[in-house]
Amino acid sequence: MHKSRLEAFSDGVLAIVITIMVLEMKVPHGQEWANLKELLPVFSSYVLSFLYVGIYWGNHHNLLHVAKKINAYIMLANLHLLFWLTLIPFTTAWMGENSFGPNTVALYAGNLTCAGIAYFILQKSIEKTLESNHKFRVALRHHSVKGIISQVAYALAIPLAYVEPVVSGLIFLVTALMWIIPDRKIEKVLDL
Amino acid sequence: MHKSRLEAFSDGVLAIVITIMVLEMKVPHGQEWANLKELLPVFSSYVLSFLYVGIYWGNHHNLLHVAKKINAYIMLANLHLLFWLTLIPFTTAWMGENSFGPNTVALYAGNLTCAGIAYFILQKSIEKTLESNHKFRVALRHHSVKGIISQVAYALAIPLAYVEPVVSGLIFLVTALMWIIPDRKIEKVLDL
Amino acid sequence: MHKSRLEAFSDGVLAIVITIMVLEMKVPHGQEWANLKELLPVFSSYVLSFLYVGIYWGNHHNLLHVAKKINAYIMLANLHLLFWLTLIPFTTAWMGENSFGPNTVALYAGNLTCAGIAYFILQKSIEKTLESNHKFRVALRHHSVKGIISQVAYALAIPLAYVEPVVSGLIFLVTALMWIIPDRKIEKVLDL
Amino acid sequence: MHKSRLEAFSDGVLAIVITIMVLEMKVPHGQEWANLKELLPVFSSYVLSFLYVGIYWGNHHNLLHVAKKINAYIMLANLHLLFWLTLIPFTTAWMGENSFGPNTVALYAGNLTCAGIAYFILQKSIEKTLESNHKFRVALRHHSVKGIISQVAYALAIPLAYVEPVVSGLIFLVTALMWIIPDRKIEKVLDL
């Protein structure tokens, strides 16, 4: 009951975040392919962020599935996570419109970093409501390794953006793909 | 449980996609009927895309209804479908603002093609979780025929747009209407 | 099950329609009260449409509550209703930005008329699934009277807009208020 | 049943309100940090409003949780609350774009005041459906004290904005934080 509204609200916010990003792809005035080509950086940043928000939705879905009860701390931690995710359309658009310029990549990486930390806090606040030997807690260790790798990747993407922005973009992409590959261990526990 | 959140998220995304398209109909500055008439191509493209997104919602609804369990592949396939559908407001606006110019019709047809393929992949990934002689699998064969006709129609609309854009628009419309006519076979199976 | 997704999708669309209208209230550049005063027509049209969409949501909620099963015709009738409701942000903005100019009032009245007809069709398609002496069918007769009064009011608002637009605005307001007053008969049947 | 749709619609509206505010943070044209710095007032107003809408969602969630039945008055009171909340993106943007100018702060405070009153009316209309000695009614007294403090704070923020806008901003922030601290008494009653 409690859980279902937290999920509904989060689903709503994530669905809107993922969809309004497309509004940043301003329709070009001409009808030539060349007009469309100029949108390539904006489109690339859209694809990246679509992947990230989609992954967050999937992980959020699995995480909440395990939660037994929703207390006020979990509600706050969830709101905190949503805050950073609602900023993604902005940082995505800044990065896209400036063709992955160094500062914009740094801000995007910072946004992903904050969202990652917020997710970790949410995970911890949910774990606290589970017994210490709960099978999901064990499975989540694997999850946490992915989280650490991601944070390192975001940190690397910042200096590299000042050398070659494309490399930073690829780092974001590879990190996203690492999350997309289904996590067998967690799936087994969740009985997906 | 799992299924309900996948549906809620998809419903959210589709509801937003169908609604933000109307934001592309920029309110004209004058208050004469002539000012409104200029919006006719944009309005036509809105009607078309409203139909398509509405149809996708209906089919998605029927498809998910049958799904017994949601695994990671179905979640990915669903996200993949949503990706192409979130691009519809953009391709619709480009086509509308350029009065169904050839390139813009080609892109729109391409978008519908990709969405169609993504839907097919989702259908297959759900079918895999059903027994081979499941009555829904049998009913879906009819569905697949419609899918193939649609893909052919989209492919035809591209070259025809370079001859007469209105014809391509009509092809999109007729294809949409083909889907809107309720599918008795599937309905019977779903006991609608 | 079927019903819940139809409701969720409709709730999503109506929630977005009601909320994106506020995006049409462009933030004025100055910070004087005078800057705000210029927005008065836009704000008035927002209030009107908020009322109408809110009423539609409430009535839709009651109507779907009674529906026993959702067939393909109900799904189409529902989509048809949503189509006219998604146009409300556009017609609202055109009317607001042109200070309730005659043509814009006529279009707004036309939009409400189409939505009213679409609602009537949805009601009929749901009634068909109920037994002929169902208590809700009896209660709906009262509802239908309100519907006819509304259609007459919209029809009156059009010529009056060419005489005095404020009168048309008041007609819209009074019609909305007529719907807002809770309908005891229907409530009793629905056991609200 | 009734309740779930009221919640779903409200969740939808609140999710959209919280998310479209980010659209007001117009992506700057340059890619320097200085370009971003100009957005600081807009960003601050976004953070404030995110907190407020998030808090309203949480309180709304708790309030509706207790409601036994939803009558027409509760539906109207809920719609009335949503009306004031949908205006928040507008008042937030006006305040942010004018760097917390006095008039804009006054309007924002007015918006929060109206939302607060609307929430109070909703609370009362739900309380009426509960028995007079219901434990939740007792717990809500504490809640009402917070409500009164907030109204005083909003009233103070208006004159202070004409002296020093930053102080008003801080008052808004402190008031929000007062609500964010979990309310043990209500939690116990709700068994969170």
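Think of it as A, B, C and D in the order they're written, each chain with its own count starting at 1.
The criterion applied here is as follows: contacts are C-beta pairs under 8 Å (C-beta built on N, C-alpha and C of every residue); 3 or more make two chains touch, one makes a residue touch a chain.
Given the structure is predicted, the values throughout are model-derived calculations rather than measurements.
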item	value
Distance-maximising chain from subunit B - centres being C-alpha averages	D
When subunit A is superposed on subunit D by its C-alpha atoms, the rotation angle in degrees, nearest 5	90
Length of the line joining the C-alpha centres of subunit C and subunit D, rounded to whole Å	26
Subunit B and subunit D, separation of their C-alpha mean positions in angstrom	37
Multi-partner residues of subunit B (each touching 2 or more other chains)	8, 12, 15-16, 20, 23
Residue ranges of subunit C in contact with subunit D within the complex	7-8, 11-12, 14-16, 18-20, 22-23, 25, 27-29, 31-33, 36, 47, 50, 54, 57-58, 61, 65, 180, 182-183, 187, 192
For the subunit C and subunit B complex, residues of the former touching the latter	1-2, 5-6, 8-9, 12-13, 15-17, 20, 23-24, 69-73, 75-76, 79, 82-83, 86-87, 89-90, 93-94, 97-98, 101-104, 107
